[in-house]
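Note that subunit A is present in both complexes that follow, paired respectively with subunit B and with subunit C.
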Partner chain A sequence: MTDTTSSVRMITGTRLYLYVSLSLVAMLVLLPLVTTALGGFKSLGDLRVNPFGLPSEWLWSNYLDILFGDRYWRQMLNSLFIATVTVVLTVIVSAMAAFTFAHVKFFGANQLLNYFLIGLMFPAATAILPLFIRIRDLGLLDTYWGVILPQVAFGLGMSILLFRNYFRNLPEELFQAAFVDGCGYIRFFWHISMPLSRPIVSTVGIITFVHSWNSYILPLIMLNTEEKYPWPLGIMVYRGEFGTDWQLVLAFITLTILPTVIVFFLAQKHIIAGLTAGAVKS
Partner chain B sequence: MASVELRDIRKSYGVLEVIHGVSLSIGEGEFIALVGPSGCGKSTLLRMIAGLEDITDGEVLIGGKVVNPLTPRERNIAMVFQSYALYPHMTVAENMGFNLKLSGLPKSEIDKRVGEAARMLALTELLDRKPSQLSGGQRQRVAMGRAIVRDPAVFLFDEPLSNLDAKLRVQMRTEIKALHQKVATTSIYVTHDQIEAMTLADRIVVLNGGRVEQVGTPLELYRTPANLFVAGFIGSPAMNVLDGTVEAADGEPAVRLRDGSAIRIAPERKVRLGQAVRIGLRPEHFVAGDKGNAIVGRTLLVEPTGAQTHVLFEFAGEQITAVVDGDHPARHGTLFKAAMDRSQVYVFDRQSGAAL
Partner chain C sequence: MTDMTATMTAVPATASGKKVRYKSPTVRGRLPVLILFLPPALLLFTVFVILPMGEAAWYSLYRWNGYGTPQQFVGLRNFEVLFNNAAFSQALINNGIIILVSVLLQIPLALWLAMMLAHRIAGVVAFRLIFFLPYVLADVAAGLIWRFVYDGDYGLVAAVAGFFGVATPYVLADRGLAIYAVLAVIIWKYFGFHMMLFIAGLQAVDRSVLEAAEIDGATGWQKFRYVTLPLLGSTVRLSIFFAVIGSLQLFDLVMPLTGGGPSNSTQTMVTFLYTYGVTRMQVGLGSAVGVVLFVICVTLAFGYKRIFMRHD
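Right, the complex of A and B next:
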């Protein structure tokens, strides 16, 4: 009886600690988001005297002006194009490379894999100068490809690791059955591995998409024409133009965050599952 | 349908040799079972025949043609795996027709052959289902269907029933036997279950430590095991083994056991006086009572199985199992008397294990 009571007390205590700490973390994340979204509904005066509270008057026009202008949609299409092409290329290239690392034994395979994985340690920003020179030499400055190709290259390390672990966990007998059925490596990849890899394709796709969507440094360095700017750069330009009208800047930021938040809520299961699956290099 | 021949097959992993020169001839349409304990190399041997494992040395011939350099597909074999290995994203029909699709056969021909195999295996109603919607037995039938539609030269079975429960295993065993009688394709069946091997195979190959111990029909292996390993492996419950020395009792050969008691053996056994031997007594050869080669011991355990009763009793310092009639009134702690005809006492050389 005493044991039961103390264990119940312990569970309640643990739960309470969990709820309090999670609530604190949630507040830390939500406060800036909510403040930004509410700020977009305020007038500049209201924002100055009451930065965290509810708007005294809800000014929908701040949002509507942005939504009915062409800048917001143009930049969204730019972001969408860059992110989509990055995702497609990353998934295709990394899946094929990971399949090779998972199933084909060849001299130097481990060294080559480690070479790819080293990429995990270097964000694009650390190599920005040589990248700029290479992209300039390739004649890709101020083109979408100048942003897409480096993004794909820097995404390969993580994506190959995730795909490789997934492919290695597919049952060996499946591979043998397909081999007996007449598949070679390429047919097994297209007919068996890829159709069975939808969860990991979603994970890699979402992670790459979000990463590309939020990318700021690469577009900043590689793109010069404002018509080609994706959202993160667009926000900076918008802030430059409307630097004093913070309520408009906040509304613009809110509208650019919104799609990412929606996508994350729809796909969080895949993102979390994929991240755990790739946690260990086996 | 084709013959299969193995010529001095060897397999090494680095310096470690695991298959030590296996030679075997399998006739057209024959059903061969490879049996042996875990790690004896039976699955490795099967996978070498399939082309899934490299052959270190020796030759595999299918239909009289050396197939060592050929891929599994080029060898024209079909394999049924222990875990079924069905493609989870394909329907039953797609699973069965996948090989034909890769071969470039027209859809009408694929549908026809899949339909025929499905009828043969009672899978027609399940053709549109995915493997996850099937029971274990149904999955195993699909795996067999996938093998049948190809009309291969040889069927290879790698412990196909070991994931099924006992009842289903018996049912599927019957189905495999019926299927083989229908299609008569040369089949090589790997199992560690000697009952499966005995009931299914035309001939059994007993493997131990990467070597063939004996090849023969199920009854040959049961009645005239070549050595102690085969004798102990074939038969259920396993043969009782007792150490002794050959002596003469009343002018006839007998084996004197450790406790001083003597068991008479058949005069045609090739033994010599004073030879250290092991005798083998099959549990089902005991007859309750004390006529002939009688032994007596205290009953340790009684296991009624219905038609028969297994009695575990102590004799000559060993635990002996006897299988007697189900009505036998054996009770724990009482004296159990059983006898065995001397012609049914197996004798093995204690050092080499060879049958004498």
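Right, the complex of A and C next:
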């Protein structure tokens, strides 16, 4: 009797402890984000005396001015274009290479796979200067391709590994049946492997997209024209221009991260699984 | 597709009557597939990843401003300059501190939260989402947001100091404080990723083992220390691996926060590479930083996998 009551009491105690701790951490996580979004509605004077609270007067103009200008939309579209092309190229190029590693026996296959896996071990930053010189000599400086091609190249190691492991786990009967029917490798790839690979295409796609959408150092080095800037570069320029007009900078930051936040909440399951499971599986 | 599935059960046989072996070389189009499917990846990877890395090693032996061809051979002089440079030493130390804090503070925090979220209580999913959110945001945006938080005139830190009647600390302008400010942002930004790894790891832990320990009278801490933690071993090792590799490449987060300042106190290897190599077009020196970073990354990755992840 006493046993059960004590254990019940312990459970409510634990419960309280859990909720208090979790809520505290959640507050610390959300506070900078919420104050940023609210700050975008304030006047500078209001922000100075009251950075935490609700705006004393809701100034929609900070946000509306940005939304009705073309700067914000241009940067978003630039980022979207770069990320989309990067994803499409990465998926096609790495799936094709991974297909040969998974299904075609050829001399030096293992060595070649290991060659690609070298790319997993060091960050793009290590070779950024020679990369800049190469892009310049190819005449790709200040073009989207100067950002896209290195991004695809540096994503290949992980993508090839993810695709290869996935292809290898598809049921073997499929191959036997198809090959007996006289189906060649290339038809097999397009008509059987790829249609069956939706989960891994989405994993690779999500990792690559998020990476490209958020990337800063490559476009920083490869692009010079502001019209071509993706949003992480654009936001830095904006902040440089408006300096201490924090209310405008905060509104701009909020609008730039808004698409990410919305997509994250809509597709949370896929995004979390893609970003973590992708890391673990490779 | 349909005609293929129809023959799926047929006994596979070749003209010679032998059973068809999977990956048999008799499959049509082996050569075309190699010629068509491999070169795009091979070309991109070689041109934009491997060659630049090799060139970094080559350029690091020259003094070069990036125009024409490198001609002024200086041997290991760039490395000498680098290791005698106070800012680079600071960058190395900072990268070390970042690794230590990531491993000793961030990972335990992530594990603690993951353990709490393993309980079946209402709201678990919401907490998970909130904790993972900073990881999805761009480093640049996170850096700018925290620049506002730390701002001495308009930011949250200023308001808190004002509330307590203390003089406002200009955190990011303070040589001694700035690095701690950066570390706090790193934890805020990345703990959610490690937490998710642990949540996935915990789901694989066999509950019956925990129940057995409970019946044997193990306390909560004992259960954690002697059952859960050992069973999470491979996840912990993986998490540390990601923390180390991630710490070494830190750049995007630092630039909007401090740009490596004040007076180089928050420099990392990559911000140093950018500031001294890229913006001043000192190709030799910058490439030398790249080589040092490469050697550190590869040594750590290989060494760590060899020693700690042998059985994973």
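Note that in this section the second predicted complex is superposed on the first by the 238 of 282 C-alpha atoms of A that agree within 3 Å, B and C clash if a C-alpha of one lies under 4 Å from a C-alpha of the other, contacts with A are read in each partner's own complex, and residues count from 1 in each chain.
Throughout what follows, a contact is a pair of C-beta atoms (placed from the backbone, for glycine too) under 8 Å apart; a residue touches a chain by one contact, two chains touch by 3 or more.
In this text the structure is predicted, and so the values were computed from the model without any measurement.
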Touching partner for A:Ala177 - first (subunit B), second (subunit C), both, neither: both
Touched partner set for A:Lys105, first subunit B, second subunit C, both or neither: second
Touching partner for A:Trp58 - first (subunit B), second (subunit C), both, neither: neither
First (subunit B), second (subunit C), both or neither touched by A:Trp73: neither
First (subunit B), second (subunit C), both or neither touched by A:Trp190: neither
Touched subunit A residues, subunit B compared with subunit C: C
Partner chain in contact with A:Met121 - subunit B first, subunit C second, else both or neither: second
Subunit B versus subunit C as contact partner of A:Ser21, first or second or both or neither: second
Touching both subunit C and subunit B, counted on subunit A across the two superposed complexes: 173-174, 176-183, 191-192
Subunit A to subunit B touching residues, read off their complex: 171, 173-174, 176-183, 187, 191-192, 195-196
Of subunit A, residues touching subunit C in the complex: 14-15, 18-19, 21-22, 25-26, 28-33, 35-36, 39, 44, 47-48, 50-52, 93-94, 96-97, 99-100, 103-106, 112, 115-116, 118-119, 121-123, 125-134, 149-150, 152-154, 156-157, 160, 172-186, 189, 191-192, 210, 213-217, 221, 232, 235-236, 239, 244, 246, 249-250, 253, 256-257, 260-261, 264-265, 268, 271-272, 275-277, 279-280
Touching residues (chain side subunit C, partner subunit A) in the complex: 1, 3-5, 7-8, 10, 12-13, 20, 22-25, 27-30, 32-34, 36-38, 40-42, 44-45, 47-53, 55-56, 59, 66, 113, 116-117, 119, 121, 123, 127-141, 144-146, 148-149, 151, 153-156, 158-159, 188, 192-193, 196-197, 200, 238, 242, 245, 248-249, 251-252, 255-256, 270, 273-274, 277-278, 283, 286-287, 290-291, 293-294, 297-298, 301-302
Touch list for subunit B against partner subunit A, complex: 47, 50-52, 71-73, 77-79, 81-83, 85-89, 98-99, 102-103, 146
